[in-house]
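Chain naming follows the written order as A, B, C and D, and within any one chain the residues start at number 1.
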Amino acid sequence: MNIDRIHFVATGGTIDKRYDPLSGQLYIGAPVLPEILARAGIEGKVSEVLKKDSLDISESEREQLAAFIAALPEHQVLITHGTDTMGASAALIEPRVPGKTVVLTGAMVPWSIAGSDAAFNIGVALAAVQILPPGVYIAMHGRVLPHAAYVKDRAQGRFIAG
Amino acid sequence: MNIDRIHFVATGGTIDKRYDPLSGQLYIGAPVLPEILARAGIEGKVSEVLKKDSLDISESEREQLAAFIAALPEHQVLITHGTDTMGASAALIEPRVPGKTVVLTGAMVPWSIAGSDAAFNIGVALAAVQILPPGVYIAMHGRVLPHAAYVKDRAQGRFIAG
Amino acid sequence: MNIDRIHFVATGGTIDKRYDPLSGQLYIGAPVLPEILARAGIEGKVSEVLKKDSLDISESEREQLAAFIAALPEHQVLITHGTDTMGASAALIEPRVPGKTVVLTGAMVPWSIAGSDAAFNIGVALAAVQILPPGVYIAMHGRVLPHAAYVKDRAQGRFIAG
Amino acid sequence: MNIDRIHFVATGGTIDKRYDPLSGQLYIGAPVLPEILARAGIEGKVSEVLKKDSLDISESEREQLAAFIAALPEHQVLITHGTDTMGASAALIEPRVPGKTVVLTGAMVPWSIAGSDAAFNIGVALAAVQILPPGVYIAMHGRVLPHAAYVKDRAQGRFIAG
């Protein structure tokens, strides 16, 4: 249950979105993981592998992400990821990481916006990655389930247990 | 791993502190648990048992808290509590709750103040209470340990694994 | 210098933008004026006349806004407005409101997003509308100038004194 | 109406209070003026003259503050100050600054705490200091009045026009 055994991986997604006053649009900024961890008195190893809205992740980029996770020496990996294709990344990662516990999380509201669920979700994922047996999980809305059992319902804007 | 199986219990502490403009002092306000859960899309059963700085909890109040937890029908209980005597409450609760998983958490910085660790800590505790076997645990700084193994060092202002 | 003599008018714009988790887009929500005023211990009369990105305000809507301002019994009017066509609305309003002090303001970053200038800008505009002689002014970046002398440079994303 | 002509002076007070997790107490931190101005796209000259709860300002310190304001080359001075003795400082400053416009402001809730009035109040004061004729004024709750006409009612926790 040592934080040093965990690798944090940022890929972009809603959690990292910020507002650009010039364009009036949201864009994906630097990972919010370090700031959220620091508030809780934690320093963690954070790697930024992608910086994408998850709908824009190509298959080769998803392969690159899976290869990166597979090659990590750590057996506990927490990934921040856009919610729309979180399940697709999880499915690709799973066969590559026997013996590892991988938890994907993200946010419905960007960390930069009032009322964000980002810090809470990372907390949920961080506990789960330290406790759960090997496997690839999704942590959202206070629940942590094997990825194939927790699917985003885009009409409702939330994950539903299958 | 159903949220309905969890009972949330607020006892006051730093996490619930707010600012009173008249006196210029911090006081313990209504529990922040409902707002933090709502941001993550969760509705939970929240009971307010005490509303105290944990240094001001009397032994009879601590007994009352332990009795309340023991009497709950739920087997998963998340308690928000001041950090200074979180360990004392955990020690008193433990022999009363065989078969239950109880996780205590709180905050080093009030939820109402910029840079608070409150939402993150409740996320950590919420995952832990759903996954860990029966026992009484403390969740702070991203770690969840059996209460006797995780003790607050007041000089450093953080919990240290014993 | 009585707050009761001021009429507050919301028309939408960046200041009122909020995040929609379903679409991942920003939309114009309820006016933020009442919340910002309440924080400062002020209750004000707020009318919502439009709810538009200012690039989407039609000429007939701009006429409707000018007519609304002209018809108000108050001689001090503070308008929140999108920055892109704030000057166009000011120019249309000016000939209709002899004897009135009208100050338009808005925000470069929505009130709902970290680092917003909204509360500050409304403070600047509120002081100005109480002190300045009749005329139509723009208040942004801590300055208050007659509208024709303070023009948005969209490349720089700020107002420049002409 | 050029920002360069204004000197900003911080003296501490509620506006600058922050939370110390070790002691659980609020303390007076670095001035918040630069951050609040930066959000609005403004750079200003900020001097920190005192760093005190205004109830703890001694008469010699108040003299020192008045002498500092009197010696400034700028004719527009915005002072952030604790609310409890804002009036006493204003009264001492007034005879020393003929020809200058001095506006004192502060906050009922620290900038570091949710719901603060700090940014709004500084906005009000900044407009006022640029527009009003020479004199010493207090800006709070959206109003700006000559200091002797605007007195803090400590029971109500707000300034009342005399």
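Structure notes:
The rule is simple: a contact is a pair of C-beta atoms (placed from the backbone, for glycine too) under 8 Å apart; a residue touches a chain by one contact, two chains touch by 3 or more.
This structure is a prediction, so every number in the text was calculated from the model and none was measured.
When the partners of chain C are compared with those of chain D, no chain appears in both lists.
Residue-number overlap of contact pairs with B-D passes half for only one option from C-D, A-C or A-B: A-C.
Chain centre most remote from that of chain B: C (centre = mean of CA atoms).
Remark: chain A and chain B have CA centroids separated by 26 Å (rounded to whole angstrom). Centres computed as Cα averages put chain B at a distance of 44 Å from chain C. Separating the CA-averaged centres of chain A and chain C is a span of 39 Å. Contact of a single residue of chain B with at least two other chains is seen at positions 108-109, 115. A ring topology is adopted by the chain contact network, closed into one cycle in which each chain touches exactly two others. Pairwise chain contacts present here: A-B, A-C, B-D, C-D [touch as defined].
Of all residues in chain D, only 1, 3, 36-37, 39-42, 108-109, 115-117, 119-128, 130-132, 139, 141-145, 158 touch chain C in the complex they form.
Remark: chain B residues 14, 19, 21-22, 24, 26, 108-110, 112-115, 154, 157 touch chain D in the complex.
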